[in-house]
Amino acid sequence: MDKRLFLVLASLALVFPLSSGADDGKPWDPAVGTATITGSVKFTGKKPRSRPIDMAGADEKCAEAHGGKRLKPDTVILNDNGTLRNVFVWVKSGVEGWSFPMPEGDAMLDQKGCMYSPHVQGMRKGQSLSIKTSDPTAHNVHGYAKVNRPFNRSQPAGAANVTIKMKRDEASPPMKVKCDIHPWMNAYVAVVEHPYFSVTGDDGSFKLENLPPGTYTIEAWHEKYEVMEQTVTIGDKETKTVEFAYPKS
Amino acid sequence: MNDPQYGWWLPPDVSVHGADIDFMINAIHWFMLALFIFWGGFIVYCLIRFRARPGHVAIYRDIEAKWNRWLEIGVAVAETVVLVVFAMPVWAKIKDDLPLAPEQDAMVVRVVAEQFKWLFHYPGRDGTFGKTGPEFYADDNPAGLDFDDEAGWDDITVRGFHFPVDRPVIARLTAKDVIHSFKIPVMRITQDVVPGMEITIWFQAKETGRFQVGCAQLCGLGHYEMKANLVIESKEDFQKWLDEEHEALGLDE
Amino acid sequence: MSEIVIPYRTEPHPLTGVTSGKLGIWLFLASEVMLFGALFSSYVLLRVGAAEGTWPTGVEAGLNVPIGTFNTLVLITSSITMVMSWASLKMGNPGAFKRYMGATIALGMLFLVVKGFEYSGKFHHGIFPATGWPGASDPSTFYGFYFTITGLHALHVFLGILVNIWLLVWGLALYKTEPERFAGRIEISGLYWHFVDLVWIFLFPLLYLL
Amino acid sequence: MSESHAKLGFLRSYVFSTDHKVIGIQYGITALLFLFFGLCLMMMMRWQLAYPGEAIPIIGGLLGETLVDDGAMLPSFYNSLGAMHGTIMVFMGIVPLAVGAFGNYIVPLQIGAPDMAFPRLNMASYQAFVIGGLVMLSSFFLPGGAASSGWTSYAPLSVTATTGQTFWLIGMIFLIASSLLGAINFIVTIIHLRAEGLTFFRLPFFIWSQLVTAFLLLLAFPPLQVAAIFQLMDRLADTSFFMPTGLVSGGDPVAAVGGGSPLLWQHLFWFLAHPEVYVLILPGMGIVAEVIANNSRKPLWGYRPMVYSLLFLGFMSFCVWAHHMYMTGMGTTMSTFFQITTMIISIPSVIILTCLVISLWGASIRFPVPMLFALAFLPMFGIGGLTGLPLGLAAPDAHFHDTYYVIGHFHYVVAPGTIFAMFAGIYHWYPKVTGRQMNVPLGKLHFWLSFVFMNGIFMPMMFEGMAGVSRRLFDPTVYEIGAAVHGLTTMSSWSAWLLALSQIPFIINFFMSMRKKERAEENPWQATTLEWATSTPPPHGNFVEPPVVYSGPYEYSVPGASSDFSPQFIKQES
């Protein structure tokens, strides 16, 4: 239950930290990034059932944001074109050895109407996750990180953003975020070392741009289904399409 | 914010069994007050009459007090009366007399406690609960329903508690993670909800109203927020609410 | 600052008939009875509460009864040698005391070594305190109890060995000046040792046989 | 060379001393510091309760961002404060003060012994207490904060809690070991080292209370030791003694645990913790009995019934533990048994209190500061005891369980109850320890302010509980009932802060009186018991000549005697 005690003791023992940062590769050269992988995530099975969330019984302030309409969980959302939303697609291997420029600003996670937005997102290792509350009620954001340091912070209505720096990769599986006060609220945040990741939206498509030519393992992750993998080789200025189909049959 | 119905003494009682509890609480407090005044009066009297002053000498030999024996016997008798005449029968009625007979027309509801909200599970139109189990718990399935079981598909799972007045309610309480405690002050109910156990309680309301369900056992940092709205309503209103909830399920889509 | 003299160190108190040290160790053992009593009652409570067929007997769970029996005999023998060492002191034979005390310590260590082999055998088979009983649909806490109770008992044996080694190597100097007081210390250590032995005699059937 | 010698001398005589008097003082100072620390934790909690969500004045800005948000307290920090306030007050404040300090200092003196039976064991138990205390305190600096599962540490919440809980358990194991060693020492000392002529029924009531307390510690603590070991195993070795099958964490089922029982923890915990309640109160009763007998200038009324009640109380305290668990779904047979035992155990408490009250009849009552505290103890403990009555019955408990009524009830027993008794003891024995009297006007100021504000804190809690406000709520105004009685909460908080300020006269008095030139008389209270038979402060070894006892402990105002007190250690002309 309490592996962290061992970690604390172990880190106490290591007074002088071992040298780190061996993974800093050569600086990124935009000129090589010419290839693109696109595709979409189809959904072929029977539509899974879901039940509406009742917010009003526990917290009227949550329900007011939706005008009394019942929301359904964000777990499995099927698009009209038969594709699956909220699938995290990323390059699992093949881009090692580069040091990519960091994006400006933080990755944002908003708490609005007692739902997290976005439900699934990717961010860069070393970037900060900024958790905002737009609700007139208290939230408590609890990050069930397994690789990074877990966090658990209360945010009363109108509180300042909680900012957490993600120091390690944690993409497979992504970190789960839950609200301790509203148990139906959950989100997933994947922390990736490079910028090649994408989340399927309302058309079920994804796009991984500016890749250097090479052979890549592409992973697709969905919170409810099994992880899928495909290997692609792309050449200079080439665009290839990769299709995933859920659920695995 | 100040709700006039709550003050310094007991909150309003809308339950059928609460009158007995309230009677006991009031009677015991009158008894306590009488005892306290008697004792306090005696002490103050002694402090004044037997204060040290020139010429006053304490009495060495034991005073022959008989009344203290009577006081102690009186306390013992009062406690026995409270225990045998009130405490035991009242508690036995609350705990053991489950309204299981069909003519009592008890409503059954399943209550699931989790960090940090309550969930209320009604059997829905078909009157039967769907199959449930801890292995089905998931973020999109807080009630732990087996989605493949048709009997459970019309079940109503909500975060607020509604039940009709003048009809016995049997609540089956389970907890997912840690110990919680199901508390409704106006119904004079407190019942710990222990993970790994299903605890059955029953109660019946005699008045309608809007109140709150709370958690009385420390269950983590969101313990203070673990509340649910409670609506005790007439049978007609309750049926109307059930119908609305059935609509909200969107089964016909 | 002169050394203050506290009475009833070596002579028994007329009311209780024992020295202070002995009364102290009896009280300590009373609290130890509560300790192991609580362990045993917890075991019984969870075992009675476990669902049908989820609680293995010791043999089903892979505990080795012959080894357990051997260890029981080892501890009983060590209790006998403990008594003999005290008796030899009383008869004014420090040489025999050393031999018997040495044997007690050696037997205690043998017990721990055998126990260690039992543990490592379990670990080797992938059985840890957190392991549920694999034959059952519902996990039980049998192995948790097995490791916790025997572990605590082994800790008691270990502490007993330490005390005995101290008495044999460093404590013996007292024999030359105050033989009675030293014999009293051996008796106190012996009472503790017999208690640890007795606990095992309850533990062995509870975990291995029932 | 000579300097290092002197240093060694200092360490040997003040830090690693085996003299019961020095150990008693060490316990006393450490426990008072812990009590003060516990008070500070409580003052922070009271701020959050009175002004939820507002920044804590002064210290709010100093705390880290995991504890406060813009200076306003976060719920996890509140829970830590609650758990640690309870633990510190009970296990590191009152028990060490009542048993460690008063027991160590007074018991050997009052029975005419040169020291405790096992002086080195005595030192070891103080050291174990300090280590346990430091482990507890250090947990505040852990990443997840200190233990936050309440002082009761109910599983499974505590099993899945942050690392602070592990420190709590390890700290508890040290504190328990300390208490066990101390208990053995007290029992042997009281049975074996009584002075000649000091038969059991000539023992002062305080000694009896320490003897019974020691037995309770000896027999009740091992089960908690077991519970702590089980919980450590659950946390560190992933066993599931307290973890049932089918738990869910973070919305997902936990597969690997199962087979345990959360109620097992409660049984083991309360089997200790109910006798623990008597550990908290009995030494207090003992001190009050001493002070009242001394200042009423007459023998205690009903000494023997009091002793028998005490013994019965000690025995019965092992049979009532499950009255803390009526609401866990136990059957009516079990609850009936525990309701009956609970009603039975109230009778000896009533007898002791009645005897103390009747002792005032026909007395010649003086009102020095210790007597004021002892007299205030009587009604305060009375309120605490009486309010236990509805809680001991299952049906009213259905309303009161885990409300502020419970908090009010047990605080009336231990705060204006035991702590007032402790103050009575400090004012009473201060001249014995230091050879100086404490300042009287400052003492009276301290008493009256404390008396008013103690009630100001806890009386509102009774009404809040009556209204149905649950305890351990970070922000009770979240509930309609909590918002309706928020005025009471605020009153409680202000009283708490004023109570803390009221301790300033005491602190000044405590330190300034030590430096007074004027020495106290050898027997300033004209007392009869043995601690006054030796010089003040007593020498190493306590008595130059072993004292001999000729009479009972409270021979005051004996007809025909030359003065109004006839000490035990002086043979009377018959």
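Read from first to last, the chains carry the letters A, B, C and D; within each, the first residue is number 1.
Rule of thumb we're sticking to: contacts are C-beta pairs under 8 Å (C-beta built on N, C-alpha and C of every residue); 3 or more make two chains touch, one makes a residue touch a chain.
As the structure is a prediction and not an experimental result, all values here were calculated from the model.
Student: Taking CA centroids for every chain, report which one is farthest away from chain A.
Tutor: The chain farthest from chain A, judged by C-alpha centres, is C.
Student: Could you put a whole-Å number on the gap between the CA centroids of chain A and chain C?
Tutor: 55
Student: Let me have the rounded angstrom distance from the C-alpha centre of chain B over to the C-alpha centre of chain D, please.
Tutor: The computed centroid separation for chain B versus chain D comes out at 31 Å.
Student: From the C-alpha centre of chain B to that of chain C, how far is it in Å?
Tutor: So the centre of chain B lies 48 Å away from the centre of chain C.
Student: Counting in whole Å, what is the centre-to-centre distance of chain A and chain B, each centre being its mean C-alpha position?
Tutor: 43
Student: By the touch rule stated above, which residues of chain A touch at least two different other chains?
Tutor: Where chain A meets two or more other chains at a single residue, that happens at 140, 152, 154, 178, 183, 186.
Student: Among the residues of chain B, pick out those that touch two or more other chains and give their numbers.
Tutor: Residues 114, 138-139, 142, 220-222, 225, 227.
Student: Once you've mapped the touching chain pairs, tell me: line, ring, star, complete or other?
Tutor: other
Student: Over in the complex, which chain D residues touch chain A? Could you list them?
Tutor: For this pair, the touching residues of chain D are 53, 66, 69-70, 72, 74-76, 142-144, 159-160, 162-163, 165-166, 234-236, 238, 250-251.
Student: Name, in rising order, each residue of chain B that touches chain D in their complex.
Tutor: Checking each residue of chain B against chain D gives 1-3, 5-11, 20-21, 24-25, 28-29, 32, 35-36, 39-40, 42-43, 46-47, 50-52, 56-60, 62-63, 65, 68, 71-72, 75-76, 79-80, 82-83, 86-88, 90-92, 94-96, 114, 133-135, 137-139, 142, 176-179, 181, 183, 185-186, 188-192, 194-197, 199, 211-212, 214-225, 227.
Student: Within the complex, which stretch of chain D touches chain C?
Tutor: Result: residues 113-115, 117-119, 121, 180, 183-185, 187-188, 191-193, 218-223, 225-227, 229-230, 233, 237-241, 245, 256-261, 264, 267-268, 271, 540-541 of chain D touch chain C.
Student: Quick one: in the complex, what on chain A touches chain B?
Tutor: 48-52, 54-60, 70, 73, 75-76, 138, 140, 152, 154, 178, 180-184, 186, 223
Student: In their shared complex, at which residues does chain D touch chain B?
Tutor: 74-76, 79, 82, 148-150, 154, 156-157, 160, 244-249, 251-253, 260-263, 296-299, 301-302, 327-329, 331-332, 335-336, 339-340, 343, 346-347, 350-351, 353-355, 357-358, 360-367, 375, 378-379, 382-383, 386-387, 389-390, 393-399, 401-403, 463, 466-468, 470-481, 483-485, 488, 556-559, 564
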